[in-house]
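The two complexes that follow have subunit A in common; it is paired with subunit B in the first and with subunit C in the second.
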Partner chain A sequence: MTTEPKIWNTLERDYRERLEAARPYVMDGKVVEAGDTVKLLEAVVRPGDKVNIEGDNQKQADFLAQCLCEVDTDKVHDLHMVQSVLSIPAHLDIFDKGIAKKVDFSFSGPQAGRLAEYVRDGKIELGAIHTYLELYGRYFVDLTPRVALCVGVSADKNGNIYTGFNTEDTPVIAEAVKFRQGIVIVQVNEIVDEVPRVDIPGDWVDFVIQAPRPFYIEPLFTRDPALITDSQILRAMMVIKGIYGEYGIQRLNHGIGFDTAAIELLLPTYGEELGLKGKICSYFVTNPHPTLIPAIESGWVKSMHCFGGEAGMAEYVQARSDVFFIGPDGSMRSNRDFAQTAGHYALDLFIGGTLQIDKYGNSSTATASRIAGFGGAPNMGCDAKGRRHATPGWMKCGEEYGMHDELVGDLPRGKRLVVQLQETFREKMAPGFVDKLDAVALAENAGLDLPPVMIYSDDLTHVVTEEGIAYLHKCTSMADRMAAIRAVAGFTEVGMAEDPAETASLRERGIFKTPADLGIDVRRANRDLLAAKSVKDLVNWSGGLYNPPAKFRNW
Partner chain B sequence: MSDWKSLEAKSFYGASARERAIGIVDEGTFTELAGPQNRMSSPHLPVLGEAVEWDDGCVTGVGLIGKHPVFVISQEGRFIGGAVGEVHGAKMVGAFVLARQMYDRIKEEHPDELAERLPAVVISFETGGVRLHEANAGLLAHAEVMDQIQESKGKFPVISLIGSKVGCFGGMGFVAAATDVIVMSDLGRLGLTGPEVIEQEMGKDEFDSADRSLVYRTTGGKHKYIMRDANYLVEDTLGDFHDQLTAIMDAPYDEIVKCRRIGSEELVDEQLALAELSVEMAPKDARDVWAYFGNEDVDQIPEMTTAEFLAVAKRR
Partner chain C sequence: MALRELNFTFTPEDPRPFPLGWSHRGVVGSGDMEVMFEQADLGGQVQVKVCTPVVGFDEVWERVLDRCIKESQVSDVSIEINDNNATPVVVAMRMRQAIEEARKEAE
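For the complex of A and B:
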């Protein structure tokens, strides 16, 4: 019996065909004119392809996304989008127009409501909602994009790409796609003779396009100090004294929000007063928050690796090369992949805010009508089981772990600190503690297999509210843990079920501490404690190096 | 609350209504009237299931600047954006009524010292105008305050201070314009329709309210100073506002009222000429107007400190 010889390079043959189809649009080297982008996409994207539009919660390949919306649906349809975010309108327009039908993603932010609507109406088939690292991992397993639409600052005609300090997701996408013989197209702000630094080598890139306008970037991590409230300052004081100081936290990540901004602005004042400089907060893996400028300028921070850049921070970051990761060209390189990995294994603590915490301590930012996704928070906000190196804070938290003996026996093991900051009542009097997470209703509404939980109760070690700190990891049972959550939940439905006798016993055992227990004078919790009270103050701290975007220029 | 001396160094922008009320008059002279202990709160908000404040977001009282009794109205932006409802408005009116009674009494008891004991009403604005939850009562309150300003004319000055977070917008923008003197910091904002409402009605291309720089160029203290909508521009501390008030109150009443923007035929002609000019030159941005009035390097104006700006600013 004879058989056809097996062909082992179908991917490569397919790649060659696509390149051939694109040939009419390629000018000098790998350069394609912006006006030919739609035709280029029609030539290289095939129905049913897995396609990635690069973008995260910061930079966006917005021009390429817009062009993908304009392709002829007879030529390009039924795409399976595999990408970090659905955050600009074009990301969902492609589903509205029938160009794409399925999505696997991480985070949707401003498009969360529209996404939920499209899923309900059957316009979008939802694969899964991932964390960034999970999705990157799947790029190398079963979700490798056939075509990637990426974004950079500049390119030469040979396709060498400079990303500026917003390197972010580009390396991981380009590597996954190119090494499976996929097509990599990059929009850049300008084509230059020589790039300042090669972030993506030219032979990983097939086409470069100078977009008609610079790529969109959201200053997502900038918080105006003028809007920080006394309640946020009180929680920040508790965190610095009752957690950072208590555990000697040196390596950490700060999530997005006003609560963490308040902590950052209290380091040079309250932190200094407690004598904690040099003992806490020396190493950050965080975006370059402008509110960290006073702490950096005061000599608190030894090093800071970043997920991405932040609009207006480039010049400041560049001038502080002892702190940030700066390339030979003099500018920073960020990398979301490495920063997320550090989140798992190299950091002792994550701290951030959330929308809802349930009576068990599970938390979520989902609401019943919005599919918001996770981004990277679950990678930061978990206790990575693969960690094997010891640090004092990690070891102390492990020693205090109430379930340790039940699960591990008498061998020592550390525990990662995962801290949630919560106001008992949020904007519009929405309770911060609930009996059941909205994520459960969302899972039912949208037909998800799994309710989108940001941080699970067994990973959460501390909850901080204006009532005090619950040291949840010290609990020896779920009953204990639920009582500790009731103690910090204030006048919410969950908090009203508190039994004062039970709370008193938790205080005795050091599981619940009020501001007074921590030796904090609540009268001092006001804006006078902030190292910077306005965006202008941040500019002054930076010696004029921080250049805030227009939306933050209150002058 | 901090003592008066440390209040003087505090940012006016970040100060609460009560801190402003205490800090803009002389040390130790402020007495709050109809304060929280009197529990005058809105009767309308509970019906809508909304929380109330016992001062209804408006601090009223009396203090001294030199020998001048100064009746203070100070709005709190952290309560419903400083919006004016029925009780809030009634407290404003009450301050004017007391000022007028004080004026009559001084005139009778100290006829020779009227000038140095002349009272004043000072309003520290932080508001977006009418509180929509109590719309008619809120509108009526605006009309009554306008009425009180008219009643004060020829007797004692009414002075506006604008430098708080919310700014001074909506109907209260009209009220501020009708007072005798306006003092602002560069962080203060004054206008009629608020930036968000303009964007909502006219679109993002007309006015992008998220562009704070644009918002400040159009409604901020420096622009209002160039346009003479604000008479004085001061640094952002309670002490600087206090000092400016002291300087104003030292001047004779006839001098003070020269600061007015409306209220005479000449002033009406002046405003109409300005309206014509805006049609003629069709400015695309406040910077065009600054340049028109002779300011150089207009891109640098937002970056200047108040002192640098005052040294070079050319006003209309």
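For the complex of A and C:
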């Protein structure tokens, strides 16, 4: 009996074929003219391929995404998109045109409504909604893209890429694709003779294209201090005194939003007054929030690693190389993969806002008609069970954990702090606490296997509202936990069910603390406490190094 | 949008008369409110008039105000609120700030 010899390098052979097909469009080295991009894509992308368009909540490979929309559907169709976000119109246009049919992703933000509609109409087959780390993990398991369309600031003709301070997801995508003999195409703002530094080595890159315009970037983490409300300031005071101070939180992540901006702007004023400088908030893993400038300038922050850059912050960050992670070329390098990993294992606390918290303490930003996804928040907002190093805040939270003896017995174990900041009512009287999350209705409407929950109740340790702080991890039962949620839920339907006697008992046990219990004078909760009251103030704090995007320049 | 007028009367258990003849706090910006206090001989009671565009939250108004009065035990005052979609959070904060500041000012 004779058998055909088994071929072990089909991927490599396939890669060579694709390179050959692209040859007519390659100019000098690895450079392809912008005008040939659509033809290049038709040459190297095959029907049914897994394809990644790089983009996250900040930078976007928008030119390549646009070109993918223009390919001939006879040549390219039925793609399986595997990528962090669906956030620019082109990401969904490819489904409209029949170029792609399936998606595995993480976050959809602005396209969330359209995505839900396409899923309902059968235009998109939805794989799964991931957190960033989960998706990156699957790039190396069962969702390795065959072709990646990436983005950088500049490239040389040999394909060496400089990403600028928005390195973000590029390394993890390029590594997964290139080491499975896939094709990596990078759009850059500029082809140069020599890149300032090599963020992605040239031999990981097959083609570079100078896009006709700079890539799109969203200033997502900029919050104008002028819009911070008294209620946000009150919650910020409670967080600084009742959580950061109480647990000595040194290593943390601040989620996006006005609530965390308020905390940042209170560190040099209220935090200083409480004598907490040096005792809290020394190490951040966060994007370079402009509202952190006053705390950095006042000497609060020892180190800060970033997921990505932030528009207007490049020069400031570069001039503070003791604080940020700066390359040999002098500019910052970010890395979403490492920052997310730090979120899991190296940080003691995550804090962020949400849309809805249910009566059990589960929270979600999903609404019934939008598939918004997660991004990285669940990686930050969980208690990663693999952690083994002790820090004082982590140990204290573990000691206080009401379920500890039930689950671990008498061995000591720490617990990570996961804090949600919540206004009981948002504008238009939308309640922040609900009987049932809209995520449940969304799962039914869109046929999802799992309601998209951002943070589960068993990971959540603290909820802060203007009513006070619920120290949920101290609860010994779900009944306790639900009573603590009612205590902080104010005049929402959930809060109206509060039993005053029960709340009094929670206060005695230290599970619920009001601003008065925390020794906070509510009269002081006003904008006078902010270290900066406007974007202009932030520019002044930075000594003119912060250069805000036009839409934030209101002077 | 049509404005609605809501009227409430509260009877604090341990009445502490409002210390100033007249006081005004806040601005009717979007999501905010102004509140005016005028001393009145109401036999320990409090009268509140709310002008609001919001429909369907009358009970919430009553409960928020009831809690402000219980917390402060303020009495013998006629209160007028001009609301522009302030949330209960903002209402409670503005009321608390106004009463505490008036007491401080009268000291």
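The criterion applied here is as follows: the second predicted complex is superposed on the first by the 555 of 555 C-alpha atoms of A that agree within 3 Å, B and C clash if a C-alpha of one lies under 4 Å from a C-alpha of the other, contacts with A are read in each partner's own complex, and residues count from 1 in each chain.
Simple rule for what comes next: contacts are C-beta pairs under 8 Å (C-beta built on N, C-alpha and C of every residue); 3 or more make two chains touch, one makes a residue touch a chain.
In this text, all values refer to a predicted model and were calculated from it rather than measured experimentally.
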Clash or fit (per the criteria above) of subunit B with subunit C on subunit A: clash
First (subunit B), second (subunit C), both or neither touched by A:A226: first
First, second, both or neither for A:S534, with subunit B first and subunit C second: first
Which of subunit B and subunit C A:K436 touches, first, second, both or neither: neither
Larger contact residue set on subunit A - subunit B or subunit C: C
First (subunit B), second (subunit C), both or neither touched by A:R16: neither
Subunit B versus subunit C as contact partner of A:W555, first or second or both or neither: first
Identified clashing stretch of subunit B versus subunit C [19-27, 37-45 or 163-171]: 37-45
Common interface positions of subunit A, toward subunit B and toward subunit C: 429
Complex interface listing, subunit A residues touching subunit C: 229-231, 234, 423-429, 465-466, 490-491, 496, 522-523, 525-526
Touch list for subunit A against partner subunit B, complex: 226, 429, 527-528, 533-534, 550-555
Residue ranges of subunit B in contact with subunit A within the complex: 2, 10-11, 13-14, 51, 165, 186-187, 210-214, 216, 220, 302-303
For the subunit C and subunit A complex, residues of the former touching the latter: 31, 54, 57, 60, 63-64, 85, 87-90, 92-93, 96-97, 100-101, 104
